[in-house]
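My structure is below; once you've seen it, I'll send some questions.
Each chain gets a letter, A, B, C and D, in the order it is written, and its residues are counted from 1.
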Amino acid sequence: MKMGMLGLGRMGSNMAQRLLRHGHEVVVWNRTPDKVRELEKMGAIGASSIQNLVEQLPHPRVAWMMVPAGEATETLFETLLSLLSAHDIVIDGGNANFRDSMRRGQRAAELGIEFIDAGTSGGIWGLANGYAIMAGGSSAAIDHVRPLMESLAPEDGFLHVGPIGSGHFVKMVHNGIEYGLLQAYAEGFEIMKKGPFELDLAAISHMWNHGSVVRSWLLELVENVFSTNPDLKGIRGYVEDSGEGRWTVEEAIKESVPAPVITLSLMARFASRQEESYSAQVIAALRNAFGGHAIKHDPS
Amino acid sequence: MKMGMLGLGRMGSNMAQRLLRHGHEVVVWNRTPDKVRELEKMGAIGASSIQNLVEQLPHPRVAWMMVPAGEATETLFETLLSLLSAHDIVIDGGNANFRDSMRRGQRAAELGIEFIDAGTSGGIWGLANGYAIMAGGSSAAIDHVRPLMESLAPEDGFLHVGPIGSGHFVKMVHNGIEYGLLQAYAEGFEIMKKGPFELDLAAISHMWNHGSVVRSWLLELVENVFSTNPDLKGIRGYVEDSGEGRWTVEEAIKESVPAPVITLSLMARFASRQEESYSAQVIAALRNAFGGHAIKHDPS
Amino acid sequence: MKMGMLGLGRMGSNMAQRLLRHGHEVVVWNRTPDKVRELEKMGAIGASSIQNLVEQLPHPRVAWMMVPAGEATETLFETLLSLLSAHDIVIDGGNANFRDSMRRGQRAAELGIEFIDAGTSGGIWGLANGYAIMAGGSSAAIDHVRPLMESLAPEDGFLHVGPIGSGHFVKMVHNGIEYGLLQAYAEGFEIMKKGPFELDLAAISHMWNHGSVVRSWLLELVENVFSTNPDLKGIRGYVEDSGEGRWTVEEAIKESVPAPVITLSLMARFASRQEESYSAQVIAALRNAFGGHAIKHDPS
Amino acid sequence: MKMGMLGLGRMGSNMAQRLLRHGHEVVVWNRTPDKVRELEKMGAIGASSIQNLVEQLPHPRVAWMMVPAGEATETLFETLLSLLSAHDIVIDGGNANFRDSMRRGQRAAELGIEFIDAGTSGGIWGLANGYAIMAGGSSAAIDHVRPLMESLAPEDGFLHVGPIGSGHFVKMVHNGIEYGLLQAYAEGFEIMKKGPFELDLAAISHMWNHGSVVRSWLLELVENVFSTNPDLKGIRGYVEDSGEGRWTVEEAIKESVPAPVITLSLMARFASRQEESYSAQVIAALRNAFGGHAIKHDPS
């Protein structure tokens, strides 16, 4: 089917390509036009503006937003609403907060426009393997775009999880879990690295992927990482977080659910980005004050 | 090849069967003889005693211990040492503490006996899928038993990880990671369960297993669990821990490695087994004492 | 000076009494009039309504709100704004979220009304010992009410911490710290309770309060608790949380500050209120699924 | 009474001085003699060797060990046993693991020698304020040395907590709690430091110490620290740990007690000492591998 993809970053570009490979007509727009040119070479139809993209779509128009959560999504969403009309469908495939998506769904509904929040997982491997897509929205809207979803996802990788907001909610929790999984593996590998044996971590992750209880797709990546860079040479232990982890913890708190592992995985990322820990400075100063314990002095 | 399997619990019995299926001759012994009878029906050679098992093996004899860590392993190990002679090989496939295995390796070496600590993962699915086996020991001993290992493991599922003790060390960390992975998934599913949407957790785990970043063998089990028992009916939130989790944390502490996720996964298990939290009682009493906050009174 | 106290719960009533004892004229109002009668007997001037309270105050009027955060505060605040005029002063002594207080400060400023957020600590002991008061607001407003603050606080127990919002911000963090302190003591006492020695916890806390590094006012309460109820008889381990703990964690996340101890103290309270842990149920089901580990079945 | 103090580090020297001030006769020995000279100037009786110290004591001899836990304590203890005789009393005032103390108590008992494990808190302030002393041992031995204990402790600061080992056990938990308290305060101060208001942390801790629920001796030190060095200038966030924290966590694990706050306070210290987090490096590498997220590269 013919659809519009707005935002051609790593994710949007790959998803457009995957749709093209599956025979869909994809009209593409990006804030900077070079990405549009690239996709045109792969068979996409370039749009010179958001309005131009909308004009090229058949009714009901299907516009897929693939831009960063927050400002960028908000702005693009409002622009789309001003250009679309009743029965058109806006899909947000980005990582928006599900409460924003619920609000946007209501905003769209006031204009008779359908809204789908499509949480999308798969990363840079999604182009080849397909993306797991968890979508919230009305059944009518979801049914209409099902051909797109089934092209983007591998078999069984698409699910209509519930009403508007639920797609991003499930994606949010998915990412929270991911934080925990990553931290669990990472702690284990640190314990092995610093333990009493000299171990081949690439070989161990490879073996674990063949029959062990902890085998997983992430562990296959661990294996790749250690095979190509066994000493993690040049990689700083500096880990960003991108919203969903924080929201998962905030949601756990709102629900009074104890979620120590997801929470501490998030906070380990905060710590990884601190040059110096202020709380540790406070404790160092206090230990000196009560016990006379030596302080490491900063030369500065 | 011909070998002896000592201990026919869930794991030992399944491993003996898998070896039989791959054409090995397996002499079996168990503390209670009914299990021996069962295995005989599947083609194993029954032994009436440990000594009888040892007598039926060719030199160098290969004796695989598959009994609970601690007392049971220690007793069986000492009995075996008294019956075996130089160049024979004792394999501990159980979940012993790696420091005990290092000690046992030295004990065996004094008698010229080889010792292999073979951490084994795969659970009840290992019979069908094969076990990931991570083994520590001398190259000579490992090479001798390689045919057994390669029958027990799926392709690439066996690894000689290092010297004596390293097999159980790697298995210990493997289980520590497993604690963290389980807790991460479990927290995520609790957040979904208690969140604002009514969700089909079986369908979500199925979809996640097709293309998402968190797909894994454990998540396939999650899927099975929710498909067959979506409300976890009849399952109490009571979780045992079996040694490796504790040892992993103790090792992390010994190495000064921060391992918050593995540690809290362990402690969540402790909490799951408490009818009442004493620390929460203390806090409830204190909040009443300073703020006049109401106490929930125990009817007793 | 003459002022109005609105809300005569445990805190408001005690604070009114303390002000009376220090010679202030206190006009009191409460949602239910019985509390007003009580305070009148102690010398307060009863008000039949909020309007009646406002009418009895000299200009600039000083109205102290001491009601639960959220709805109750919002409603009372709006009512007061409708009755007060420029240069009057509204003080919120409750536990409002500091962002709400910042918003209220702006709302009041539009009408020329001064707003002070006065975080108040001391609990039921404040009547006798005085309250620590951390206040945000303009210097003019703070200076005007300083006589009240200095009567409520013990010597050095009052501080103008900064602009509007900062009082409740500092109180929020204060309570977050309190969560951590309580949990630290509680864990220690649980470890002593379950350790290898039979210990007199009342005697130990008494001794610790005389010369040890962990001596504190909270430890004096611990001592009181164990002296009067050494077995914590009748006290359930059920711990409420009242907002500030959650906000502290949310603020830590907003600031990207790792705050594991405060966060886990909050989550321990969540866990204390769960009859059954859903995440533990998930793990119990999974362990059964992969390892055949026994499940504790719920009789229901 | 006349007693011997062995080990004149910060703690031993101060305790000897406090005993002298209270009229006791103190024979002192130290591995390096300069400290002995110092104490002689304050009225102590110098000993040229451990044997010389023992020879100068009346029967039953009271020998107080104040040396680092581990090797130093073990060596000194064995030397003392070889020089003392039945009914003499050895006191270990250091921070030994309570299981070592239980073993030493048994060792001493075989020779008819009494052993007291005296956990001692108070740090560098103990000389002036007195030390909280929690002692394990027989009632007879404790009664004999009570005059020393009552001189070292402030009023009510000495307690005979139970049999041999219990003194160091209670001290261990005391220090575990201290870890948690320090971390709770430190996190709170970091949240205030990085929050939306510019705050005077010295003034806030001073105010909190006057009437608030979190007032404590440690908070008085916080106040001192921020008064003299508000920016923590020159203090690195590098925090040692000295055994008791680790042992407390290990004991919690042995008892299956969830102790998240004490444990994470310990692990925060580990993290404070890492130049680079290996687990964070693993996660950074993995996020790049699955999502193409940028890696911060180490220039080296």
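One rule holds for everything that comes next: a residue touches a chain if its C-beta (ideal position, glycine included) is under 8 Å from a C-beta of that chain, and two chains touch if they have at least 3 such contacts.
Per UniProt, the chains are A, B, C, D = 6-phosphogluconate dehydrogenase.
Computed from a predicted model, the values in this text were never measured in an experiment.
Asker: Indicate the lowest number of steps between chain A and chain C, counting one step per move to a touching chain.
Answerer: Minimum step count, chain A to chain C: 1.
Asker: Just grab the chain with the largest centre-to-centre distance to chain C, centres being mean Cα coordinates.
Answerer: Measuring from the centre of chain C, the most distant chain centre belongs to B.
Asker: Just give me the whole-number Å value for how far the CA centre of chain A lies from that of chain B.
Answerer: Inter-chain centre distance comes to 34 Å.
Asker: Let me have the rounded angstrom distance from the C-alpha centre of chain B over to the C-alpha centre of chain C, please.
Answerer: 47
Asker: Would you mind pulling out the distance in Å between where the CA atoms of chain B average out and where those of chain D do?
Answerer: The separation of the two C-alpha centroids amounts to 39 Å.
Asker: Taking each residue of chain C in turn, which ones touch at least two of the other chains?
Answerer: 123, 183, 185, 187, 190, 194, 213, 218, 257-260, 264, 268, 271, 277-279, 290-291
Asker: Once bound in the complex, which stretches of chain B touch chain C?
Answerer: Result: residues 10, 123-125, 182-183, 185-187, 189-190, 193-194, 218, 221-222, 224-225, 229, 232, 234-240, 260, 264, 268-269, 271-272, 276-293, 295-298, 300 of chain B touch chain C.
Asker: Can you tell me which positions in chain A touch chain B when the two form their complex?
Answerer: Those residues of chain A that touch chain B are 121-123, 126, 129-134, 136, 153-159, 161-163, 165-166, 169-170, 173-174, 176-181, 183-185, 187-188, 190-192, 194-200, 203-204, 206-219, 248, 251-252, 255, 257-262, 264-265, 268.
Asker: Taking the complex as given, what residues does chain C use to touch chain A?
Answerer: These residues of chain C touch chain A: 213, 246, 249-250, 253, 256-260, 263-264, 266-268, 270-271, 273-274, 277-279, 290-291.
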